[in-house]
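Just dropping this structure here.
Order of writing sets the labels: A, B, C and D. Residues in every chain begin at 1.
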Amino acid sequence: MLSGHQTWIFENKPTIISTGVVGGPFEAKGNIPKDFDILHEDMWLKQDSFEKAQQMLMEESCQIALKKSNIEKEQVQFFISGDLINQITPTSFAAKTIGIPYLGIFSACATSAESLALSAYLINSGGAEYILSGTSSHNATAEKQFRYPTEYGGQKPPTSQWTVTGAGCALIAKEGGGPVVTSATIGKIIDMGITDPFNMGGAMAAAAVNTIETHFKERNVDPSYYDLIVTGDLGHIGREVSLDLLKQRGLNIKDAQYVDCGLTIYREGQPVMAGASGPACSAVVTYGHFLNKLKRGEIKRMLLVATGSLHSPLSIQQKDPIPCIAHAVSIESGSDGL
Amino acid sequence: MADKKKKNLPPEAQNYQAFQEEREVKRPVLLNCIKAFLVGGFICFIGQLISTFYIYYFHFTEQTAGNPTTATLIFITMLLTGFGIYDRIGQFAGAGSAVPVTGFGNAVISSAIEYKTEGFILGVGSNMLKLAGPVIVYGVFSAFLVALVKTLLIKWGVI
Amino acid sequence: MIFFWAFVIGGAICVIGQILFDVFKLNPGQTLTILVVVGAILDGVGLYEPLIDFAGAGATVPITSFGNSLVHGAMQEAEKHGLVGVVTGMFEVTSAGISAAIIFGVIGAIIFKPKG
Amino acid sequence: MTIKKWLFLIGLLCILSSCGNESALEPSNKANEKLDLTHISTKNNDTSQHPANQAKDALSKYKEITEVKAVNTTKQLIIAVQVEQNKRFNLTSIRKQLQKEMKKKFPDHKVELTTDKKIVIELKKLEEKLQSESISKKKVEKRVKEIIKLSKEQT
């Protein structure tokens, strides 16, 4: 089970039997629209507020995952999820609708990996048979809470990132066909004293490096073990910083092997500055794009390293540096080749 | 001050920050300034047009045309903000669209629209000046200090 | 001619704002606050009125003129009522910007929804 | 870096403050040729524009003045001038200087001098009406009063 200090090895092979991936209009114009189950044309999803729209995204992605798996929601023991907004209310309200026993978690944009790791652990240890795990974010709710009103004409610097509108959800089961979660490394808070909330990629890269390094050491594998190392939302700057740092520390990671969800979801030319971010970023791209690749056999093993910056608007105003975290989860194709 | 703060950090963090800064995309200051100059200048040019219009066709002098000009510009800002155009101009122009009074209007109007979902009293009413508040607060306070000093100086016959 | 100078001076004030953004890394709130205070001080030392005479809207449209007219209102009242006027006269001249922003803000909130 | 920033700020303030300290207008011997000095001549003595014409002539010795309009009644004289763009920094002191000079020159009249574009436009209209003799003395007096009131309006 525990390997080293902070890594779990899941020998009972918890399986991702289905996923639900929902996106908004901006994602529809992006790089990977085919990997979404539903793409909405309207930022509001016909709701009264952006927060309700985000709740709706979460609900939909759960429903899709359930529907695809043919599992009744009464069979599911837990719903483990979280998001960025106000005491994670969009997620909690979605949990009310879904009606599955609920564990609310928060680690900002690393929530996807945290919920997946926890779900896999619970399944692996026999604590549950089916768990829904996922997360959501909405561009407008995040802008409103962390930055300016959406219609305010503030200039974003080139280091800033664009919050994904969407939700990604995975149904994890004790057995069944599909990609297998093999291990997870829980990261620790890394604070390098960076205070600029418009440069989260640069701040989070340190956490990603720490977790990736620890993962390889404690799982006792080489970077070449994975076909892809998928970081959450480091963006251009964070990816470059972390890759250079990893190479400096003697980890032999190839350029093509090291991809970022925040750089995968959108096309060149969309006004996203340094890349995408938000909890949904890593969830949507991993559960949609990369799991599809895994199922098609294009890759066999991937390591998801979702990164999160755990600041609040208040902590930024009080001049506190941004604490960052990264959790790693490895996903590999199952014995049936799926 | 920023340097002082850095010195209190552990060396590891200092090294990391230097490492990170090397790879950080720098803000294109010169290009941004040119854009700000052109857009800001253009907004003021429009302002001059409007104010000339008021002087020629309405009962306003150079002195009194300022107020209707401001109101007109803010009205235009309301439309641009409501149709989702002003934030795009802002991303392009930076200070060019933030510094003119239209930017002040945009700050107030965008907050008002944004918090509509929280109701008109507690949402729109209390959040409207969230962004523009400091401008009014410190504008008034500094004007108070300046006017106070000036009035006293005049009273004492210094100027 | 005044149109040309309105463009140049107005643009130049915006460039100062952009430098505060990019070089001093200030956010819009801080930048605008500084500019308003600078406008008030410039009027206090008698430099802002000539700029308005010279550049017209180039000096009245940027937010700096806000500080200038606040001082003006205060000084006008101070002439009539002495020191009390400094406190009471503040909004005498400036009310247009604030009232227009508030009025159109509420109207905007009634008509529009944020586009996101 | 911080020193550079402060130097930049100080430099900026110096540039700004250096603009304000130029002297006001100097009269020259020659009359300003660019200036439109059309004298308003009326047959009716009641609306004689003699003082206004005199004022125009007197002001023509300043080559920085680009436009001058003036109308008088028996008691009042209102003059509106436009000044060259690059002298507009000193508009206030120029206005004061000219006002003082005109007051001295026309002690029998209540003299108003303004640099406001709006007043130039209004006086131009009034001048045209006087020239075509389509306006009565009473109406001129009323109009002049209105224009003076307008010129004194504050924001």
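Keep in mind that, in the parts below, a residue touches a chain if its C-beta (ideal position, glycine included) is under 8 Å from a C-beta of that chain, and two chains touch if they have at least 3 such contacts.
Just so we're clear, the structure is a prediction, and the values are computed from it rather than from any experiment.
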{"item": "Intersection of contact partners for subunit B and subunit C", "value": "A, D"}
{"item": "A-C against C-D, pair bridged by the larger set of C-beta contacts", "value": "C-D"}
{"item": "Chain occupying the most central position, where position means C-alpha average", "value": "B"}
{"item": "Subunit A and subunit C: spacing of chain centres that average the CA atoms, whole Å", "value": "45"}
{"item": "Subunit A and subunit D, separation of their C-alpha mean positions in angstrom", "value": "71"}
{"item": "Subunit C and subunit D, separation of their C-alpha mean positions in angstrom", "value": "28"}
{"item": "Subunit B-subunit D separation of Cα centroids, rounded to whole Å", "value": "35"}
{"item": "In subunit D, residues with contacts to at least two other chains", "value": "154-155"}
{"item": "Multi-partner residues of subunit B (at least 2 other chains)", "value": "27, 32, 62, 66-67, 81-82, 84, 93-95, 98, 103, 107, 109-111, 113-115, 131"}
{"item": "Per-residue multi-chain contacts in subunit C, two or more chains", "value": "2, 16, 19, 21-23, 28, 69, 96, 113-115"}
{"item": "Listing of all chain pairs that touch each other, if any do", "value": "A-B, A-C, B-C, B-D, C-D"}
{"item": "Touch list for subunit B against partner subunit C, complex", "value": "27, 29, 32-33, 36-45, 47-51, 62, 66-71, 73-75, 77-78, 81-84, 93-96, 98-105, 107-116, 120, 124, 128, 131-132, 134-136, 138-140, 142-144, 146-152"}
{"item": "Of all residues in subunit D, those that touch subunit C in their complex", "value": "5, 8, 12, 16-17, 19-20, 85, 88-92, 115, 154-155"}
{"item": "Subunit C to subunit D touching residues, read off their complex", "value": "1-2, 5, 16, 19, 23-24, 42, 45-47, 49-51, 53-54, 69, 76, 93, 96"}
{"item": "Complex contacts: residues of subunit C adjacent to subunit B", "value": "2-3, 6-23, 28-33, 35-37, 39-41, 43-44, 55-58, 60-67, 69-71, 73-75, 78, 82-83, 85-87, 90, 94, 96-98, 100-102, 104-109, 111-115"}
{"item": "Subunit A to subunit B touching residues, read off their complex", "value": "48-51, 144, 148-159, 191-194, 199, 202-203, 205-206, 236-237, 240-241, 244-245, 271, 274"}
